[in-house]
Structures are given as C-alpha cells and as structure tokens.
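Before anything else, here's the structure in question.
Letters A, B, C and D name the chains as they come in the text, with residue numbers starting at 1 for each one.
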Amino acid sequence: MKVAVLGATGFTGEKIVEILVSHPEAEIVYLASRTPKATPYSSIFPRFLNKADINCETLNKEKATDLSDVVFLALPHTVSMQMVPFFLKKKKKVIDLSADYRLTSASEYKKYYKKAHRDKSNLKKAVYGLPELFEKKIRNASLIANPGCYPTSVIIPLYPLLKEIAGLKDIIVDSKSSITGAGRKALIEYHYSNISGNIWAYKPFNHQHMPEIESILRRVTAKSPNICFVPHVAGIEAGIYSTIYLRLQPGFKYKEKDFKTIYRKYYSASPFVRIKDELPVLKDVVGSNFCDIGFRIDSQKKTAVVACAIDNLFKGAAGTAVQNMNIIFGRNQTLGLV
Amino acid sequence: MKVAVLGATGFTGEKIVEILVSHPEAEIVYLASRTPKATPYSSIFPRFLNKADINCETLNKEKATDLSDVVFLALPHTVSMQMVPFFLKKKKKVIDLSADYRLTSASEYKKYYKKAHRDKSNLKKAVYGLPELFEKKIRNASLIANPGCYPTSVIIPLYPLLKEIAGLKDIIVDSKSSITGAGRKALIEYHYSNISGNIWAYKPFNHQHMPEIESILRRVTAKSPNICFVPHVAGIEAGIYSTIYLRLQPGFKYKEKDFKTIYRKYYSASPFVRIKDELPVLKDVVGSNFCDIGFRIDSQKKTAVVACAIDNLFKGAAGTAVQNMNIIFGRNQTLGLV
Amino acid sequence: MKVAVLGATGFTGEKIVEILVSHPEAEIVYLASRTPKATPYSSIFPRFLNKADINCETLNKEKATDLSDVVFLALPHTVSMQMVPFFLKKKKKVIDLSADYRLTSASEYKKYYKKAHRDKSNLKKAVYGLPELFEKKIRNASLIANPGCYPTSVIIPLYPLLKEIAGLKDIIVDSKSSITGAGRKALIEYHYSNISGNIWAYKPFNHQHMPEIESILRRVTAKSPNICFVPHVAGIEAGIYSTIYLRLQPGFKYKEKDFKTIYRKYYSASPFVRIKDELPVLKDVVGSNFCDIGFRIDSQKKTAVVACAIDNLFKGAAGTAVQNMNIIFGRNQTLGLV
Amino acid sequence: MKVAVLGATGFTGEKIVEILVSHPEAEIVYLASRTPKATPYSSIFPRFLNKADINCETLNKEKATDLSDVVFLALPHTVSMQMVPFFLKKKKKVIDLSADYRLTSASEYKKYYKKAHRDKSNLKKAVYGLPELFEKKIRNASLIANPGCYPTSVIIPLYPLLKEIAGLKDIIVDSKSSITGAGRKALIEYHYSNISGNIWAYKPFNHQHMPEIESILRRVTAKSPNICFVPHVAGIEAGIYSTIYLRLQPGFKYKEKDFKTIYRKYYSASPFVRIKDELPVLKDVVGSNFCDIGFRIDSQKKTAVVACAIDNLFKGAAGTAVQNMNIIFGRNQTLGLV
C-alpha cells in the first residue's frame, strides 16, 4: 500500500507517519504540508531521523496521485473538501481525518463549522470510518470520513446499549482530553504553563463533535436520546477519558453482567475494543489503538456510569485511519497496529 | 492565636503549617506526628527551613494543651475521635480535618468508614465548618468538623440552587482531583509514573464523601435530590474540578442571569466564592482559598452544567480550616489567606 | 509604597503583581501592557479576581509617574532603555527587570542583545540589584538593574568561593530551567506537548546571561575564571537548578565544613540564602524567594560540585525586585516575601 | 526465539514484555516475578490485555529452562548472580539486566553493591552487552551483562572521542534521569507530588554506575580519564539526558566537523546511534531505541560539550537487551525495535 499524507506536520499527520513507518505492508511515498519548500520530514521532526527521511513538500496533487494508492487527508476542516473531489476522480482511496464528510447534513455542517459545504455529492458517498460499527461498508468505500476523537470515545460505548436497551433517554457525557486534540497551533492558550496541571470545561452543549455523535447514533439505533456533551481540557500528554452517565427508567432490570453480554455481542470481533471488569484507566490505552470500556450500575441512584478511554491521536484519529486502510485493502485490520 | 497541629506531616497538616507561617496573627506552638522522636519540622520538610524550624514531636496531648489555644487535627479518619474528647474537656477549640465529625449519623459513619463511632456525644455538638453556609454557628463552635474536599466543591455550588429552585431532582457530579487528596502514602499506585498523564474514575456511587454531600444538603435545603457522585483521579499537582449536571424539569424558566442573581444572594458576603461569567479554570484557584463557580444552561437539552474549581488541600482542607479559626477567634475570615 | 508595573502581562510582570497584592505596605496603583485598551487585570488573568481588579492600560508614562513612587519595568530587552531616562528625570525609583542595565559595557551589550545601547549615561548609574552582594548600594540607588534568573543562581553560590579560595580557574555551570524563563510567547516551541517531559541543552557557551555572570563576578572578586555555561530547558512548571563544577588545583585543602564557614561568613545576614547539608531540591524553593545551596567535594576527583536552586520567576526575577524595593524604601527586605 | 523473562513486573521487565509482544520473531513463553501465585500478566498490567495474557508465575527455574531459548533476568542486583549459574549450566542464553556481571572486578562490585560476588567464574565469561562497542563478542556470548542506563548514555558518546583524541583528562558528566530508573518501588520519595516538577542531584561522585563507566572506557581505550559523574532526578516520564563536559588541553585542534568524522568512523554501522547537527532533544528518543548525540566546541573556553539522549528503559535497558538477543540469534539487530 503506497501512502500519501497531506497535512503531515499536524499532530494527526505526524501520528499517521509514526504508525506507518513501522507498518509491515505500507510505504509512505508522499508527504505534504504548508512548508514553503521541500524539506526532509526528519528535519522538521528530528525524532524521525533514520525512520522517515522522505521530503515533506508543498502540495502537488498530481504528484501525490501518481505515487500513491491511498491518500490520507490530515487537513483542517473546510480544506479537505477542496481536495477530495480531485483524488476521487483519480480513483484514489481517500481517508479524510477532517470533519468535512462526517455529517451527512450540509446544513448542520454549516451551523457547526461556519462554512457552506462545497462537495455535497461526495458527502453522500462518504462512509463513516468507525470499523467497530461499519466494517462492511468500509471495505468497499472510496472515501472514508474518519471519526472525531470525542465521538469515537462516545459512540463505541453507547451504540450497543442504545441498540439493546429501551428508555435510555437522558445521557450526560463528561469528556477529558489532552490539548493535542485541538491541533498544533502557536497559541498562548496552549503554552506549557497554561496546560500543565490545569483542567477546564469548554464549549458546553455546543461542541462541534456533538452533532456527529448524535447523527451517527441516530443512524445506527434509530433513536434520538437527549445527549449532553461537555468536553474538558486536562493537562495530560495524550488521551481522552469519557465518563458517560445514563439515567435509568423505573423498572430498569439490566445488571452489570447483562452489559457485559451486550458488549460481547457487538464487539467480540472488534480486536481493539476491550471490555473491562473495572472502570478503565487512561494510561492503559495511551500509545495504542485500544478502546477500553468499563461500567457500573446503581439501581438505587437510577444511574449507570460507562467510562471509555482512548488515545485521542491514535484510536481517536490516526490509528483508526490506518485500521480503515487495512480494511479497504483487504488486510487484517490490526496490521501494524499492535 | 497559638496553634497546635496534630498530624503535621500529612499533606493536609503540611498545608496548614504552610498557611500559618505567613499568618499575621497566628503562631505555631506545637507540632506532632508519628515521627519516632522530636525533629525540626524543617528537617522533615526542608522547604520550611527558616520558616518553621520548630520541632515536630511524638504526640503529647498535655503539652499540646498547655501551649495552644486551638488544636488542628489533621489525622486519619477514626484517629481523630480518640483525641477530640480530651481537648474539648481541656476547653481547647478543636478543628478536626478528618471525617470523624462530619456525618451526624453514627450508623452512616460506620457504613462508610468501617468502624463504630466512639464519641457520639461530641458528634452532636460538632459544627460543619463550611463558612459559606455556617459562619454564624462556627463563631461559637468548640468543635469544627472541617469539610471534605469533594463536598466543598459540590455543596458550595449546589446549595443556593437547591434552595431556590424547585424540581432539581437528578444531579450528576463528575469530579476530577489531584492524587494528593488521597493522603501522603507510600503506595505503588501513587508512584509518579502511575499518576503523571493519567486519569481514571474510582468508587463510582459509593465514595465516602457521598453521604457527607447528601446529608449537609438535606440539612440546609430540606430536600433530598438524587445525587450521583463519580470522582476521578487526574495527573495534576493540585486541585479539584467538579462538573455538576442538573436535569431540568419541563417548564424550567431560569436563565443564566437568574443563576447569577441567586449566587449573589447567597455569597455576596463570602469573600472566597467567585461567580464567573465563564466556566472556571482550575489553575485560577490553585494555591489559593478561592472557590470559582461558573455555569451554562441549555433548555433544549434540559440540562444545566455548573462547574466548581478549588485547590483540594487549600479551600478543600487547610485553607477553610484556617478560615474557621479566624472566625472562631473573631478575626476577619480572610486573615492570612489572601 | 505606590507601585507602577509596566509590562504587567508577561510572566515576570504577573509574578510582581502576585507578590504585591499580598504585600502589607505596597499598593499597585498603575499597570500597563501592550493591551489595546484599558481592561481589568483580573479579566486578563482571572485568577486575580477580587485581588487585582485594577485596570491594565496602554502605557501612559505621565500617568504612571503621577500615581507612583516606584516603577517596575518588566519589559523586553531594548524596550526598557527607552523608558528609563523619562522616569529617572521624574525622580521615580526604577527597578528594571530587563537586561538593559545589567552589563556595564555597552559594546558587550550590543554583542549579546544585537542592538546599540541608547542610554549609556544611566548605564553607569545603575546598581546591580542582587541584595546578597550589593545591599548597601541598593539602598541609595535610583535605578536598579534587576539580575537575570540564571545569573542569580550562579553568582550567589560562586561569589564567596571565588573570593576566598585561590585557583578556581575552570568552572562548568549546567543549569536546568522552566520554559517560563523564556517569556510568555505564542511559539509552537513552547506548546505543552513540546515541553512536557522534555529536556534539552541550548545556546551552549553563548547564552546572553554568560557575560552578566562573568562581569559581575569579575567586579566583586577581581578574578576572571573560565566559566562555561550551558543552560537546559526542562519540562517543569517553575524553577532553575544550577549544578556548578569546580576543578580543584593540586593541593586544594578545603573541606565541606570550610565551604560552610565561607558561606556563613558571606550570607549569615542574607535571609533568603539557605546553606544546606545536602544538595538542594528544586521544589523546596518553588513559590518562594529562597536560594538553596548545597555542595560536595571529592578531592580524589579533584572536583567540587555546588548546586543552587531558585524559583526562576520569584528569586530569579520578581521576588528579588520586590526585595530591592523594600531595601530602597527602608523596609525589612523580607517584607511581603515570606 | 522463545523467551523467558524473570522479574517481569519491574519497570525493566515490563518494558521487555512491551517490546517483545510486537517482535516479529520472538515469543514470550514464560514470565516470573515475586507474585504469590500465577496470574495473567494482563491482570497485573491491564494495558497488556489481548497482548500479553500469559501467566506470570512464581519462579520455577526448571520450567523456565524447559520452555525457553533465552532468559532475560530483570532482577534486582545481587539476585541475578544466584540464578545465572543454573541457566548457563542448562545451556540457555542469559541476558542479565542487573549490575551483577557488569564490573569485572569482584572487589569493586562489593564496594558499590555492598555484597560479595558469589559467581566469580561466570563474571569472567560475561560479555558487556553494548552492541555499539562489542557486537562481535556478543554474537558468541552465553551471558550478557546488559549495560546500565547512565553508562549507556555516557560510554557511547565518550568512547570514540577518548579513543581518537589525546589529552581528554578531565571530564564532567551531568546526567538528568526519569525516576523510573530507580525501579518500581513503593517509596514516599517516588510519590507523584515529590517528583512532578522537581529536579535534584544525588549521589555525587559515588553513584554505582561510576565504576561501570570508568572500567568499560578503560578497557576499550586503555586510558583512565578523571570522570566526575553527577546524576540528577528530573520530573519527566522517561529518558536520560547526559551533558558531558570535556576540558580541552592547550593546542587542541579538533573542530566540530572532526568530531562528526570521528563519530561516523565508529558508529556508521550502528543503526541506533544518530549523530546530530544540533544538541539533542530528549523527547526525540523517548519510546525508541535511539541514542542521539550532539556537540559544541568552544576553543576560547577550552571546553567541548557533548550531549546524549536516550530512553532510560528502552535504549538504557530493555531495548538494548532485545538488540543483544537479536545479535546472539543471528538476526538483524533492529528486528522488532523500529
């Protein structure tokens, strides 16, 4: 599999490169970014010396097309949709890590990303690239809308429960994330001294990942629960820890062993989902493509808590992207990921 | 004010000493801990060299009594209640930072702290030392049950809302805390490499601070909302960030400005409570006695989120303890705390 | 003491404000920064709410003069020297925390700061504001050149040894600093993910604090040892830890107790210098104005190691600046600093 | 290659397991530790769930022998030498990560490790497992003394310079390490709050890695420079950064390009040594087996500085151990390590 990565110097692009240099059947053939002139990738990121010394260039779409079988777009939102039509026309497989093709509704896109969608025809063709839910569709997809980091940590744990259990109407999601999820930007807000040891909630109720979570869950469960999503930045190097609170209706009879049975039913063939006996611990998944899920039910409190831990740049972005590539090209989905 | 600190080498005891060495009208006259022999406090904690060179001794209750006006008990739960009767009999003011006198119900105490209460008579006399709610009672108290760290971060923001607003029945509290809240213990779980960069939820629904939160709120509001409390450890040096989710009943009409009005009504005379226009940021309170509160209401989602940030060892323990001392001795409650 | 702080939104300016709001005899009367319009300081830094709600304004030199007794310049290098003549003419006391008046040689200034010195007349009048060496001169100074952070951590430990011991010709200084020493700048290099867990050496042999260290030591000891200075950035929130290696000449006869005697001779009246029996520990000084010094001599290895720990923004900048203010205005130098 | 790991629950043992689970030609067949009864490794370290679910058992030497081709001893010092004779007698390859076979002098061993050596005959047969110096000897070794973490970061950069350049007599080594180098121990000194944000020097001149550095360099260069080694603990998750100062004799004529030439001469066939144009940055090597080296020469200061960065548990322990295994079994030394 010959791979081009566009936007190779963002956190997500860098993580894709990191994974692919150790991948036994993928080869990085083209890297592009906003760099003014071609520069060895290992000059930009010295940790890649002797591992990824290929040049990173100003984008040349023709060249990327000529060299590669698959194009990863690790580009900012609204930039991806300007690229996708070209690469699809050239019959390339496209894995887009921006948000541009995640929402099927162009109007919802405009509401949350503040720009009209310019590629509505492909919007319909895009497959939401969460292999734990859509593996079959991914196999034949040309365009993958790779999931957002928060949605990955929320949809995987919620989907089986919503599908199987009636009456889960009110759901609170309290997520804690590394600042790397916000992208590599030279902002004073992201200065070491502002992040280290800090925690704060932001964009309560109206984060742009909210409609992504709701629309995907609606699509796969045909239910529209009331989901409140409040993300937090925490002073950690990597990872997302989502704590999900389910209000239980009177007469709720499921026990923890039933939750376990439900999760097994849905994810026994998903190699990266681990159902735990205890609530998960973030560092157990950092640096890996695993998604750890644990839960507790308190019938007296009429509440269940489900916690999910992922590495935000790995399972929450680049890892799943490579997993999608493996699937599209008929490989074992774990190839290069464990 | 001549002060004795028992349990001076725990995180809480050390923070009391730190605050008192800069306090303009308090003097540390006696320090005790499990140390086998009298040792200068600044030999145990070299950062106190030239600031607190007084000896820290094996406990001698008579000596502590002879020297001091007020005794701070920074002792483990179940140890405090063996000390309190002695010091009260000696007419000393006692500020107990353990959990021993926080719950008025001895049976609830036994359930959560796994030991029968041995001092039920004083249990009734103890005043819950949260100045923001009980300043008047604190003035004349002999025995202060200093609040727990999590309860401080939950009771202060919830009390005015529960008091003023009907129908707040279902409440989720998602708290994130520094590991220092668990005490200074040589456990492999608290090793740097286990905590740094990590987050995990623990004791969901049954943390020992749960009944403290419920019983105090019940006492002051005469209401018994269903509160689900899930604490998390986060890899941060100091602080607690509690995110509180209120499920709103149909017809809920309060706006954010109404919340602000309510908070002002209750806390305009509380110098350490700051009502913010935005959700609070943890590092704004670290190293201080402030309690920052912010909120957002989403009527469509039928949910309000209230977030509260405190320094867990400061406002969550030692700072409030000193605030209580100031009140008992007729000083301005901010003395030595700003 | 009525205080104006210019450059109040940098790390150093913010630390000055932090110290002064708790200072019993100083009052902040004027704050200025590059802010486009007057804004409450506590809106810029919400942690100062209820503590420093005074406006921070675009600089108005006349206003600063009218209101204040003393002006702190927490400005970038080369900016201070444009301000100093004005305030001195207005008979204000000036404490300059930039490097502009630290080097007495204008040509050396140009070499290291890449700009010609524009205020050579005041350059001669400036007193180097290290109270541990120059307290008497500071008392009558109008213009204080407040020491650099690295120089503070090197000059204090080296001065007595160089003065008393012959033959200390070759000296290595390996310093480790928090990134806050580089100023509050929106650079990708200072992004949390670049600093956390990282260490690297930079500007070996030619850091701009090098000539400051050499010229001050030359002035006070009349010796010119060969000092190699290699600073490092370390992923820590605060502090500098300087490890100093002294090559000992054959026949060197000093023992560790002699070092202790020497340090006592020079610093017994310096309240912030603590001579330790062990090598110092950085966190013992973080958040304080202390300077901790420890040492070991190995005669077989012909080397002595002296380590010095300070808080880079406190004793390394704002704390010493306030100490200088106290001295100039005849107060106890520890006022507001312990 | 069938591998047994003894001491599998220490930091080093855990890192060996982490590397081997992704190694394409190695299989973990036996794990032992002080665990009282056989427990799945992934129950002890949940991050290994689905990756290393093999049991970790109380040591059974016969069983380890029957199952494995090679035995990794990640045991405490003085414990390894009680095991080695048994496994060598059974014709197993032994890679010992303790210090027991690193010093060829039994008396020096006793001096620094406080216990008489009990296996002097094998002490002579052990090969010091630093592939960058001893690859040929490693190929035929039965017993590998895997290098210490600090020595790795000092010997690799110093060896070529000492070999090629005359008169390097006085050398200062200032090393900064993650606390993980001290082993996984439940000590209050290793509590998160003691390490985070902290730096301190320890064991100046007499750390037990000192004689290892000196004896190996003496052996390969036939020179005995005066090396002063001062290690520091820094609040970082992983890594060692060693800054090495070389005092240059009058007439020293080497330039930086000469250093580069020398390093190329010695390490062009060493895939994990990277000679940099700049001083190295610690995070460039964290999580990898690379050893990054950079340098600067200042002839006026008569000093050269050479800095070396490694991951202390990877290149400083487990990574080199696996590299040694690869070499012994005739594989490419990078197998499973990039």
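FYI, a residue touches a chain if its C-beta (ideal position, glycine included) is under 8 Å from a C-beta of that chain, and two chains touch if they have at least 3 such contacts.
Note that the structure is predicted; figures quoted are calculated from it, not measured.
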{"item": "From the options A-C, B-D or A-D, the pair that copies B-C, where over half of the contact pairs coincide", "value": "A-D"}
{"item": "Pair joined by the larger number of C-beta contacts - A-B, A-D", "value": "A-B"}
{"item": "Rounded Å distance between subunit A and subunit C, as computed from the means of their C-alpha atoms", "value": "46"}
{"item": "Distance from subunit B to subunit A - Cα centre to Cα centre, in angstrom", "value": "39"}
{"item": "Approximate Å spacing (C-alpha centroids) for the pair subunit A, subunit D", "value": "37"}
{"item": "Sequence positions of subunit C contacting 2 or more other chains", "value": "194, 197, 235, 237, 281, 283"}
{"item": "Footprint of subunit B on subunit D - complex, ascending", "value": "11, 178-180, 184-188, 190-197, 235, 237"}
{"item": "Partner subunit C, residues of subunit B touching it in the complex", "value": "21-22, 24, 46-47, 49-51, 237, 271, 274, 276, 278, 281, 283-285, 287-288, 290, 292, 338"}
{"item": "Residue ranges of subunit C touching subunit D (in the complex, touch as defined)", "value": "170, 172, 174, 176, 194, 197-202, 204-206, 226-228, 230, 232, 234-239, 241, 243, 245, 247, 279-283, 286, 296, 298, 301-303, 305, 307, 309"}
